[in-house]
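A, B, C and D label the chains in the order they appear, each numbered from 1.
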Amino acid sequence: MSRLHVELPGLSMKNPIMPASGCFGYGREYARLYDLSCLGAVAVKGTTEAQKDGNPTPRVAETSSGMLNAIGLQNPGVEAVAAEELPWLAAYDTPILVNISGSTMEEYETVARTLSNRSETSAIELNISCPNVKKGGMAFGQDPALAEELTARVKAVSRQPVYVKLSPNVADPAALALAVERGGADGLSLINTLVGMRLDWKTGAPILANGAGGMSGPAVKPVAIRITHNVRQVTNLPIIGMGGISSPEDVIEFIRAGADTVAVGTANFSDPFVCPTLIEQLPAYLDELGASHIHDLQGKGAALL
Amino acid sequence: MQTENMHVVSHKAIAKDTYELVLIGAMVSQMAPGQFVHVKVPSEAMLLRRPLSIAAISQDETTCTLIYRVDGAGTKALATLNEGAAVNVFGPLGSGFPLEAPSSGEALLIGGGIGVPPLYELGRRLRADGVKVTTVLGFATAEAVFYESEFAELGQVYVTTEDGSHGTKGFVTHAIEMHALNVEDIYMCGPRRMMQVVEGLYPKARGYASLEERMGCGIGACLACVCDRQEKGAGYAKVCSDGPVFPLGEVVL
Amino acid sequence: MSRLHVELPGLSMKNPIMPASGCFGYGREYARLYDLSCLGAVAVKGTTEAQKDGNPTPRVAETSSGMLNAIGLQNPGVEAVAAEELPWLAAYDTPILVNISGSTMEEYETVARTLSNRSETSAIELNISCPNVKKGGMAFGQDPALAEELTARVKAVSRQPVYVKLSPNVADPAALALAVERGGADGLSLINTLVGMRLDWKTGAPILANGAGGMSGPAVKPVAIRITHNVRQVTNLPIIGMGGISSPEDVIEFIRAGADTVAVGTANFSDPFVCPTLIEQLPAYLDELGASHIHDLQGKGAALL
Amino acid sequence: MQTENMHVVSHKAIAKDTYELVLIGAMVSQMAPGQFVHVKVPSEAMLLRRPLSIAAISQDETTCTLIYRVDGAGTKALATLNEGAAVNVFGPLGSGFPLEAPSSGEALLIGGGIGVPPLYELGRRLRADGVKVTTVLGFATAEAVFYESEFAELGQVYVTTEDGSHGTKGFVTHAIEMHALNVEDIYMCGPRRMMQVVEGLYPKARGYASLEERMGCGIGACLACVCDRQEKGAGYAKVCSDGPVFPLGEVVL
């Protein structure tokens, strides 16, 4: 077993690097740049029951060491994803983490049932933290009782492990983590984007057509590290850490904070080759730290002592 | 499609706030007119690359020319690059202009402001293939005008400025009307409003329009840069990968 | 009246620029660099009843386009502030916004009573959002009922207008704003720092001795703009906007979002002359925008329509 | 105390990961040995200035020398500065070493690693005033050693390395013991651990220690850089403004 290999519910990963949901489509575009089989896993774009148009443009804006997006979950809908996208991506030798969204609990159930029944799906990532849709999305992720119920209902219909993706836009992320653990979550994805906004100083109009959007990139890394660290103190659930990762040092910082593996989002836009580059760079960092396996570096948290 | 540290061969102001940046690198061999490159700004705090059209290509010298207007923080930082500096470029991206000679045998290039650059290499190629090239360039003021003489080498050029400080006063359409130019085959790039007016005035024109949208990935993965297709229910097109050049009639300008 | 003059409860400001609490001490140090009378106002370091030692060092860490601090409200206590600091600062021709903190409601009352009775105090800034103290601090700022009660109690004993400083570490900042408005707040300060953490990737130890800290600087500006904008939709209360301001464009972006005036914190560390520089630069920006007064640019929000 | 765009006169590696940066500017006229400058890193994403000691001052040339070790991202970025580049400097800050001749007439300078720089200008001043200067410099390995010959011009120099690859194997205290150096008046700067050991071994020594702490403002306003005073109940001292140089016995090393 390689020193980068990570074994998590549903995800048998060659290495701890996966592109984050929404930053990598269904892999088709990046497959033109490198062989996706090198990746630890792929988290695909959020899928809803029906095809979704998303928000008007501009959908992205730049911020200091970060960006805002308000894509609004544009996606071709569950049937098209099942029929066209997953089979295509499954040709690569890498697990697929299928990110799902909805505006009602029923919609989440339908999408989870359909996609978890597909052999291509390795695990489900339940997005209860999207700040860019009017209904559902983040609301489920800000109320522990709703989050627990939704998790339980999705678990009940899902044949694959379920990772719940939490929002940083709450006073107490650890309480949400415990709620979804009670709901039966198999793992956690931390974090989705922080709600932010930028205005054009000349006109006063928001730069995003949607007004506000979700902030990602290195600017949010300290928030993500703190949430990962906090949550690791209260639960043993596997954690997929993310938020601003762009270097091997960042990957290790998340593992130190208690993540089991990581996802890389925004950095793909700065450097489209960032994922294979990180995979290539990590072993030398393990050497420098005298670690025989990446998990030797993992922060165990109070709950694991 | 690759990333490469290209190097600055020359970099100079050619109009108000407008710079011509010549870069050298292996990537040039893959470039075609109408494509763009996604340029990393020399600042750690700016994550997003800047999409800039390829204005000229020299395969002999493995150089390409970008022309950009200093607008926000990123282009301001770009403008500080000295000769010899490395610039990280991702490209070439998008699908450019089809290079077949237009059926009328004449091409009308219509450029507005900072939309002018991609038309230049296109014009050179069409001209080399024996197409009659006529160009209409619209700018805000005389100070903003660039590449008038370069386009003049390809054929007749008409310049308009909004304030009349150079060429015809008014918009590109004024020059087109005034000189009764042939609008059978048009190639245009510029502000949306300009392209909408042209499309509205000449509904029978064939041709292509090059679009701009704010971008994330630049290759079709993030869905930042969508625009509506004209056909109802056909959904969105992605400017970065389906475009930036679209046949007239395909997308809503 | 100058085009930069801003008139708010208790604060008659020559211009909309004041240094933010905790980033400027009581002004003594910056007074060696420039004449403090040029400032719109000065927000002084948070004061508690007793002298407070604060946290162990390191107390600051750098983040991408931001910083973390965990000073822990070190201050000489209310008596020393009243006896030594305020009289000294009052020699300058600028209003003083006195930032107060506490670990119990009683402590807040005591500090507010004492300091609002000082003639040097122009207004009170009630900090219910400090992430760096174990007791009190942010807890009052995350619960609308507590925030309302605390505001009401401080208002009852305060002879000066009270601005309540809110935390961004909540799911719904507008709900907190409405709660403190019900409690009688005369104005709002938005925002305090976001909770964040950094680990040394080599050792896994937090860089701050305190573990987590408060994140500030340009990285958080989109969060601050969004909160300012959100809150402006629900209330007419005056807003002191802050979070990542370092340029005239930033000042205008906050005013556009609905702030009445702004505060500048972290930027003082990058450029110790940033406040006078902004004051000097602003008129040219108003010219460019054709504004005769800075408030011509102000975003009015839904509540003001 | 001012901010100034000083300019790089020379910049070179003088040991492993260690650079000597000479800057020119008006601010030099205010500088004294033991003070530091707060240097803006040439990156927008890094907000905090880096405190660096003033290693040498030339009033004639209005230049000062900084010596720094590349450690994290900021010093890495500093190391890319070319001759002629502007560096924004805030300073001079803090209170430096008192320059009166020590009562014993002899000064023992004790520097560890990247704590060596501030001792150099101090040594030059003391020497110029007729004080007998002896220096002990501790480094990790031979590769890290710098300024040995510069200090040799001021008097006797003893170098120690942890691995024995240059000079005496061991720590600075080994050299002090081995050569039975006069420890009546000492001036030291280096790792906390080194200074604690020296203070512990020679409790009767008079002198000064220069401290390091992570800083925000650099002038005493933000309370980032505090250290404990030895006197119970006396509270904190601020390294940036009360120090960085403290008389032995004043603060907890």
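By our rule, a residue touches a chain if its C-beta (ideal position, glycine included) is under 8 Å from a C-beta of that chain, and two chains touch if they have at least 3 such contacts.
Treat the numbers as computed from the prediction; the structure is a model and nothing was measured.
> When you check each chain against chain A and chain B, which touch both of them?
C, D
> At what distance in angstrom does the C-alpha mean of chain C lie from that of chain B?
About 46 Å, centre to centre.
> For chain A and chain C, what's the span in angstrom between their mean Cα positions?
Distance between chain centres: 34 Å.
> From the mean C-alpha coordinate of chain C to that of chain D, what's the distance rounded to whole Å?
Computed from C-alpha means, the inter-chain centre distance equals 36 Å.
> Chain B: which residues touch two or more other chains?
Where chain B meets two or more other chains at a single residue, that happens at 44-46.
> By the touch rule stated above, which residues of chain A touch at least two different other chains?
64-66, 217-218
> When you draw the chains as points and link the ones that touch, which shape shows up: line, ring, star, complete, or other?
complete
> Contact residues on chain B for chain D in the complex?
Those in contact with chain D are residues 43-46.
> Spell out the part of chain A that touches chain D in their complex, as residue ranges.
Chain A residues touching chain D: 64-65, 218.
> What part of chain A is in contact with chain C in the complex they form?
Listed in rising order, the residues are 63-66, 68, 142, 169-172, 194-199, 201-202, 204, 211-212, 215, 217-223, 225-226, 229, 244, 249-250, 252-253, 256-257, 289, 297, 299.
> Please name which positions on chain A make contact with chain B in the complex.
22-25, 28-30, 32-33, 45, 51, 53-54, 57-62, 64-67, 69, 71, 74, 217-218, 266-273
> Across the complex, what residues on chain D touch chain C?
On the chain D side, the touching residues are 1-3, 40, 44-49, 74, 90, 213-227, 235-236, 241.
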